[in-house]
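Some structures to go through are shown next.
In what comes next, chain A is part of two complexes: it sits with chain B in the first one and with chain C in the second one.
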Partner chain A sequence: MQVNRRSVAIKRRINAAVAYVLALLAVAFFALPLFWIALSSVKSDADVSAYPPVWFFEPTLANFRELFVKLNAWDALLNSVFIVCISTILAMMLGTMAAYALARFSIRGKESVALQVLSIRMMPSIVSVIPLFIIARELGVFDTPWLLIVIYALNGLPFVVWVMRVFIQDVPKSIEEAAMIDGCGRYEVFLRITLPLVVPGLAAVLVIIFMFSWNEYLFASMLTSSEAKTLPVVAANAIKPKAIAWGLSSAAAVVMSLPVIILVLSAQRYLVRGLTLGAVKG
Partner chain B sequence: MDVRASVDSAAGAALSGQVGGPPKRRDWTPTVLLAPAVIYMTVVGFYPLVYSIYISLTDYNPAQGQLGAFIGWDNYANAVSDAQLWHSLMLMGLFTLLTVSLSLVLAILLALLFNKQLPGFLLLRTIVLIPMLVTPIAVGIIWRIMMNPGHGMLNFLLGFLGIDPQPWFGSRSAAFASVLLVDVWEWTPFLFIIILAGLRGLPTSPFEAAAIDGASSLRIFFNITLPMLRPVIIIAALLRIIDAARTYDTVFIITRGGPDFATDLASIYLQRVNFQFFNLGYGSALSWIMLLAILIVVLFFVRWSGFLGIVSEKEPA
Partner chain C sequence: MSIQVRGLSKRFGGYTAVRSLDFDIADGEFFVLLGPSGCGKTTTLRMIAGLDVPNDGLVRIRGRDVTYAEPRHRDIAMVFQDYGLYPNMTVFKNIEFPLKVRKVTPPERRQKVLATAERLGIADLLDRKPAKISGGQRQRVSLARALVRNPHVFLMDEPLSNLDAKLRATMRTEIKQLVANLGITTVYVTHDQVEAMSMADRIGIMSKGDMIQIGKPLDVYDNPRSRFVAQFMGSPPMNLFPLHFSSERKIECKLQPFADALPESQLTRAQDLAGSGLSFLLGVRPEHLSVVPPSTAGAVEAEIDFVEPLGQTTNLHVHSNATPFTIVAGRTSARAGQTVGVAADPAHLRVVEDDPRPA
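Showing the complex of A and B:
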């Protein structure tokens, strides 16, 4: 009996050890490039292209200074923040209202909504970029933040509707019915009872569409030229010439990606539910 | 009883959105809630699409001074004989197939691994998620720097392992493989997190029964885990297929479609036609053809994977 127990314990230890090794290998694969770019962003020009690569060096903020001063990344950062925040709020408001309507009322043709949302997702952006490019020029909104706000809100809407509908369906109707019998109006129920109960879902959806808008490149690059550039556009422009400036573009990559990473990692708990509900239940 | 009954039926009528029965007032609530989104999507989303179809039937090309005379189906007819187009569509299909398959396998393995509740795994799992959060443009920058043949980190690491330095963008096949590698790196976490959630949601009783019966891990995986995960895997794969077909940012930064058009995915070719040559009429037609191609790929996958069976199972009554 004793020998069996010990061999089982040893087997479990070995399994755990193997698991850790594999997990660390996976982490190394996914994290090393990120670590490397963070390192590169604080290297001087000489250090960054040194070969063999240097691991110990004098960190410098010169790249970031050059990024913000020479390349106008500061304006681009402000543009990104402004555009993405407003478009996200817009999409959340319109989308959650619509999701509530679809979740609580029987409306003709609502079963096809899921399929329609999926087909909107299949659309390559280029299909809409071309007409929007032409229309925007004619309307005089080309290269303004409002254009991108409107487009990003549109991009996020289907996702908000799809996922929030599932979250709202999870809230038992009886809670709302009880409130209504007590005299609450429909809109009051929506705002003061349903919404607070789906805050995890709202958080998850908000972070996800924020991320997709923040990281968007195609629309931003085609529909802006000097005033309304967002961060990805400025960063991509920094490497247009054949010889890419390693330190500078590393700094750009870091600045671009940091906000979303921080945002998403702090809202992590809600996110897993949000993503998987959209995929698994939807 | 009377007051109660009428309040109940009022609530009931409002809740079901149905007209008819004692309260005759139409409940505008669903319309008011739904209308803003619908109007918005129609004006900002639907209208440009219709306009795009119209443009595709003209010869609009501002760079060459053509102001959009109606030419009917000419653009589409020319597209059929556009070898570059078919080449890029073929690349798009091949790329999609390979990246989704590879990252799916890797994601499943990762999900199985990280399903174990070992201390510290939560932190490690969080780190693994980061690649899909990074801006695709930044991902392109990162890997372009790392894959530099002479000075890049990657070849340095390979040297450590005794492998010859690779010409990551040097040859046509190497470039395609490089771009694939980057895409797998970037999006495996996405599949991983979905499949992991699916794994977590599986019932434990079949696994317990199998363990009692003495089944080997391999058999448990293929005969129990995999079949039960099938719906989740298929949905995740579908989402990924739709996005992989439209890949643009990362590939654009790393190879610009080269060398010699080896990585000239459909999205890159289309961007060139439209915004480098400004052949917007023709380019619009091409974009609709690309959408059609994606639809065909998706339909094929839906058929092959039995997706519709899964959806009808999950539809709420």
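Showing the complex of A and C:
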């Protein structure tokens, strides 16, 4: 018995060790490119293109200087933050309310309404960009943040509607009915009871549509020229006529990743549950 | 009058869930809506609550027409089958919620929540979330949340059906006492006839969207209006035997001694039913039959098929003249295969209207 028990304990410990090693390998696999980008962003042009790669070098902020001083990345960053935040908030608010209506009310033909909403995403962006360009010019909104805000909000909307609808359907109806009996009207039920219960879903959806818009390049490059330029457009400047400026490109990547990382970290508490898409019921 | 229901109907597409109900519930009365699943009892309750809107008819609470009023404007509270607790709030916050929505001041809220929790024996659970307490405790929380703001009407939708048998029995008495002490008008939905019998001041029995019979529990039990009520109430159910008038206007039954023993009042009822062209049955509760020596005068001779001893009583399943029926006796030495006499208490023989055959 004694021996047996000890051997079981040892086996368990070995299993745990193997699991840790595998997890570390997986982390390394996904994190190495990020680490490499961060490293490259503080290398000089010579160090970046050195082969074999150098691990020890004189770090420099030249790439960041070029990005912010020469390419006006600061303005683009502010544009990006403004455009993406407003469009994300719009998509979240409108989308969640639409999702609630589609989940809870009996509306004639609501399935086809839901499909119509989804169909916005069925058309490839490249097809709509030229008509949008012409429309924007006619309306006089070309190269303004409002144009991108509307486009990004519309782009995010179907995703919000479809995912939040599933989350809202998962909230038992009797909870909402209890709230109505307890004295809430429909809006109060939605705001005080349903929304707090779908926070994990809201967090996951918010992060995902934020990233859609934050990284969006095609619309941003075609529908802005100088005033409403966003970060991805500036980052594309790293592609120079003769070669790609890897250092500059890495610096841009670092600047672009930071807000997303901060967002994900602050929402992490909810994300783990949200990304299972309601599969695990509390 | 606390609640008045007039001509209340609800259709879902082509399906009629509730058909033209009329009933009144008095102040402080404990009214039970009883019926098998799908009979429309929950839909009726939901229309009183304002969670469903009727297609026809009206609901009055305290004389005010609330047919189309929102639930929050009806001065009602409700306990749900699955409790409907807010999973993200602690027990305290759950109970406090109706007061908070109604803008009661925080000190008063606190005091009322504590008093209600104390009364229901859940004062030590106030900091926990609903997921961390047992089914019976959740039920108490949901009762507390309903009681905390002292509603005029208390609605309960099968509140005990998710509990185990033993807990159900305790909660049954507890709810009944609680509501009786507070004197709140209560509408209670259940499919369990024991719950209905033990708790109700009056029972309304529903079947397929119709109200079949309304009455005090024992009245309904003793004088079931139809085959459905006779068989739904009581366990084992009432014994029913086809009954008809012969061409010589004599009443006839396969167990003729029982038919011969029918009291005058029941015979009149049989004649009335026959006059309206309705078919009817002879009904007698198993506990009103007794085992007597064979060939006793006025008794039916029956053979015992099997014996179910339940401790306090014994169910004897017997047949006579190819008609099976059940007797509830005390302790007995009777064995399967034995032939016995069965006597009926004439005072408890009933004429029961047959249900219309499904078309």
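We adopt the following convention: the second predicted complex is superposed on the first by the 222 of 282 C-alpha atoms of A that agree within 3 Å, B and C clash if a C-alpha of one lies under 4 Å from a C-alpha of the other, contacts with A are read in each partner's own complex, and residues count from 1 in each chain.
Throughout what follows, contacts are C-beta pairs under 8 Å (C-beta built on N, C-alpha and C of every residue); 3 or more make two chains touch, one makes a residue touch a chain.
Since we're looking at a predicted model, the values are computed, not measured.
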In the superposition, chain B vs chain C on chain A residues touched: B
First, second, both or neither for A:V260, with chain B first and chain C second: first
Chain B versus chain C as contact partner of A:I120, first or second or both or neither: first
Partner chain in contact with A:E177 - chain B first, chain C second, else both or neither: both
First (chain B), second (chain C), both or neither touched by A:N4: neither
Touched partner set for A:I193, first chain B, second chain C, both or neither: second
Which superposed partner A:S226 touches (first chain B, second chain C, both, neither): neither
Which superposed partner A:A26 touches (first chain B, second chain C, both, neither): first
Those residues of chain A which chain B touches in one complex and chain C touches in the other: 177, 180-181
List of chain A residues in touch with chain C within their complex: 172, 174-175, 177-185, 188, 192-193, 196-197, 282
Parts of chain C lying in touch with chain A, wherever the complex brings them together: 49-51, 70-72, 76-78, 80-88, 97-98, 101-102, 131, 142, 145
Touching residues (chain side chain A, partner chain B) in the complex: 16, 19-20, 22-24, 26-27, 29-31, 33-34, 36-37, 40, 49-53, 94-95, 97-98, 100-102, 104-107, 111, 119-135, 150-151, 153-154, 157, 161, 169, 173, 176-177, 180-181, 186-187, 190, 211, 214-215, 217-218, 222, 231-232, 235-236, 239, 244, 246, 249-250, 252-254, 256-257, 260-261, 264-265, 268, 272, 275-276, 279-281
Residues of chain B defined as touching chain A within the complex: 7-8, 11, 14-18, 27, 29-31, 33-34, 36-38, 40-41, 44-45, 48-49, 51-52, 55, 60, 110, 113-114, 116, 118, 120-121, 124, 126-131, 133-138, 141-146, 150-151, 153, 156, 185, 188-189, 193-194, 197-198, 201, 231-232, 235-236, 239, 242, 245-246, 248-249, 252-253, 266-267, 270-271, 274-275, 280, 283-284, 287-288, 290-291, 294-295, 298, 314-316
